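Shared chain: subunit A. Partners: subunit B in the first complex, subunit C in the second.
Right after this comes the complex of A and B.
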């Protein structure tokens, strides 16, 4: 596990020239000991926002409660123990890296892929979604209390269909107003429909948690006005899923919807409810790009951006084209800690007799999957007994299922 | 582990007192016990063992981890039944790497349950010798047998005196009752 450096706490640093400052201001550091802290980020960088969040988890006083609100540019955030190849259509993330003829739909540009440190499933962030984080002492933690706080914030803005469900998510009920429910009950609304009803509640906020010895972090999304609801499913549907057997945590899909509230109104309401819950009237402190200057935060960003964290943290999985009808060279790869650890290759209709199967193609054993930028280069010379056409079809399939990650040169389309 | 369990905050370190309990264990544990008895004991001579022979040298932390010290050369670590119940269904276990040197209190892995990533800390310093690969395929073993088959890792203890600060089974039982009553 990463051990973070302590925050610099020396007053002497505040007198150093700004150009060499490597620590946050003394005022900012002092604030970390306040019993109730409220922050709002001006940055849209998901790596920075998650690193600031982690810094606050590690460095805020053990008895304090902290609120952080932030908005990210378009990005896909996977859970700590998830598989990016299973959860995400990786080929769509960098539209410049592939043939435009199948990059549907246009307009989103580059989308970041970030593995967060908390558990749970995959979510899509954009400027129409506001993220909220509450950090509190472990001994005071429950999974619902801060989701309930956000529901109160929404209801204050007139969103009376909002409630916390059994999965600790926030949903909007879709039925007719029928029941009389106590207004304080954040787990029920007058719009709830029976289980069998077709009008399923729409999920507007998902929760995830990171629990340490002394501190508990609960963060969640809030879909307010995302323009991308129709295209998000394209990003979160991986073509490789039917061919993979994977350990780790799979996402649970839910129908989603926009609340149709402005970011500003939501942010103000959450801050107000947080202040009410913890009896504090302080202003929220802005945090942003200048926090990159802090060693701990910068190291945290570097870790989140690293391919090692993004890809090598992936739980074990295997992928096989056995059920694919367009390829006729069997291939199975087992990937452990993001590294190809075993597998085999053989011609179709061999019945797995072993006679036509060979071990892992030379050069693949021990390779980091995210290092592979061209399956043609990897397999081209490794299967001399197989016709060029069949190898090409296999490579095309591999390229669709296991595309090179963002930033890697794509040499499949020449 | 303590994150999801209300803590009383009261320090509850206790030295081992009185005869340890005998608990029915599988035959491998018996073998480990006999092997330990044949080797030079590391514990103070003042401790006594049950005459019936079956003694489980389990110690607990305030963070609800346990360590089985019957063989100090290869002590098992896991999380308590109390913690496993509070966690909910475990869906994934992140285990340490063998050969890693750790200090008491270091996070050596993590457990995911109900969308929560919870750190697991090592009760003592030492070197990780082995991890329980059963948990890779069956993470739910932590729920079904948290203090038996659901062990997480085995460690070669490097600072035996750290064990003195841990609770025995009775002390841990009282600690958890204090936790419950303070909820």
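Right after this comes the complex of A and C.
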């Protein structure tokens, strides 16, 4: 009965397709048509939170405005079109998989790797970072308006060093307080230093967008009190980067810092500013694990967790060890859509080129890069003209640059 | 949009007629036009990638949601593109069938260029028609403000005293095609709701505003310009008042374009400059005598034919300076010693810099060279130069001295390896062999050579030989054949 009721109501109010399951309450579904909606997630699961976010983007009424706030357990979120091998030190993600010899485990345990649906660069999420998302109609959308809203929320909490910069990120200026009047302008503060000054502003929030025909989604992070600032750079620095040439969006790295504000205070302030901006008084609706039961949310989650989505959505790239003088067997691999498409292998020589090169070892052509769990197994027998020692060294290099991925995404509760 | 249906029919008829021969295969049996009051477009049109904002000119194509042959309805997703922080879904504004995808995934798609070709099977509004390419050569993005900017490039100061005809121009072809339909009355209805709102806000009458958009429609830029014009007009009307110092963008003329392309290629050449000053006294005396005996003005000689002959004689001893360098294969430069001396002569024509060629200078007498030079400059002045007049140069001489100049650093045109710039001769004080102060008529000759082929000493020797020949014209006689 409930299903039929909601069918009629939905048909009248919006044109979205009907995929209702019993477990999402009627009230929740009705809320999707409210002009101003505010949600807060109780889950720490990045896959679920991003799927809820996507569900809201697709299902909320076209003229409505939606706010969603969520916190994730430690995870690395790469942009829609980024390259995980280039952006992330994949070996660190699963501490049980890498050998002790080349780095200390950072002590974070397993860290999820998630490819989100919006553009932009790679970010690290943990419990000291609050994520905010605003979904609004496309025609009213500008890239700065919601970053400005968040800056107002921060300033309300006494963080007057915060401002929006030209890349639509939120930064904290580090200079001395100058006497020039700090105004309501969210793009400048009294702490700004002239260009030549070495004290760069610290980035505390990065933004990314997803634009569809009717709806615009803007989400961003906010570093409030992350305990992991000093180890984040290890995760976001890939040893393979110098050896890769790639298409796709690269991350722009900036020095980051904590705002030093509690999550609760920040969340309350953002909700208040959102209400002020859109002239609405209302409580935030809690969302959480129960949303997993909903068909399209679960499908979205499954897609985000799948290795196909995570790895095969990578734009074309190639990796070559020719610039690494410590290796003596040349190797170059071209990878398209996460699949090894071409390459060659050969002994390093001076002067002439090409004579000792062979094509790809047979087992590699057409292989999904993330399926390869052991380079020794792949290359071991395929290079008969090369000495065993050299092959071992080559495999070790490959293992460092293109480590076997972690197992299934972290499903235990944190 | 309150455009009349007949106007819409006419508009679409003009556009589809203009493009029909090229890219359609109209089924004659399906003549929708006779059945409907508004016209349907049964043509395949390229749908352009619209401006996604932030001044972004290109974005990466992430994935396609359609393939050629797929039927799409209005608002169906076509593809997803990504630019820096934004991933954007592009939807189809029309019903139709996808004919062709212009990019592969991972390619960079360019704003304003075709994204897909669609066989449109719905009625389309004017706004949507703007998103298509292949109409009158104007492929502006759908974003009005950018289209307005491109159109306004037609003239800054001219706009202020605009006539209806000049204001309606977009590109020249477009103006011609739409002028029959453009009139002040139509203009009132050709503005989008956003522009009308602005007009209301600024309290302006739409009929006062000159539209510079397509079909004379009024754009936001036009409204803003009109408003600032109202405040500026008293100033600009004063005859000797503040001159209007506006920037004016202009497309390159064909001559400028050619010069641009040629000189850009010349950037690859490492030039060195060698200058020397020749005493033109002897030549001038000789010229005066010969010209006094000339029977007609055409026979009068300037110093240029002498210089050409002197250079040609010197090149017999320094053939490297007359060679051609082919660098199409950067690993294998090909040097050709040219048998003839074909001198390009730089001429300042009304349309700009032209370099017609005097062929076979080695076989011409000085008088014949003078005749050729005169003919070329006459043709240049009357725009009668043929392509054959420009081909085959092995060396170039630029007589900038007709304008002025001392030392100049001329630019070599590939495949040549050297160029001579001739300044203006002037009287200077000098010492003769008795160390007495005398007047000398000095002419600075500036040689530029390609240091990949010609070294300083070789160029210098050639230059000194020319100088010796000019200072002592008798030597030219001795060398001539």
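By our rule, the second predicted complex is superposed on the first by the 374 of 414 C-alpha atoms of A that agree within 3 Å, B and C clash if a C-alpha of one lies under 4 Å from a C-alpha of the other, contacts with A are read in each partner's own complex, and residues count from 1 in each chain.
By definition in this document, a contact is a pair of C-beta atoms (placed from the backbone, for glycine too) under 8 Å apart; a residue touches a chain by one contact, two chains touch by 3 or more.
If you're wondering where the values come from, they're calculated on a predicted model, not measured in any experiment.
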| item | value |
| --- | --- |
| Partners on subunit A (subunit B, subunit C) - clash or fit | clash |
| Contacts of A:344 with subunit B and subunit C, given as first, second, both or neither | neither |
| Touched partner set for A:309, first subunit B, second subunit C, both or neither | neither |
| Contacts of A:208 with subunit B and subunit C, given as first, second, both or neither | both |
| Partner chain in contact with A:139 - subunit B first, subunit C second, else both or neither | first |
| Which of subunit B and subunit C A:117 touches, first, second, both or neither | both |
| Common ground on subunit A, meaning residues reached by subunit C in one complex and by subunit B in the other | 79-81, 117-121, 143, 167-168, 207-213, 247-249, 315-316 |
| Footprint of subunit C on subunit A - complex, ascending | 79-81, 117-121, 143, 167-168, 207-213, 247-249, 313, 315-316, 337 |
| Subunit B - residues contacting subunit A, complex | 2-7, 9, 63, 91-92, 94, 105-108, 110, 112-119, 121, 136-137 |
| Subunit A partner contacts - residues on subunit C that touch it in the complex | 52-54, 60, 62, 75, 80, 82-89, 91, 105-106 |
| Partner subunit B, residues of subunit A touching it in the complex | 1, 79-81, 117-121, 138-141, 143, 167-168, 207-216, 247-249, 315-316 |
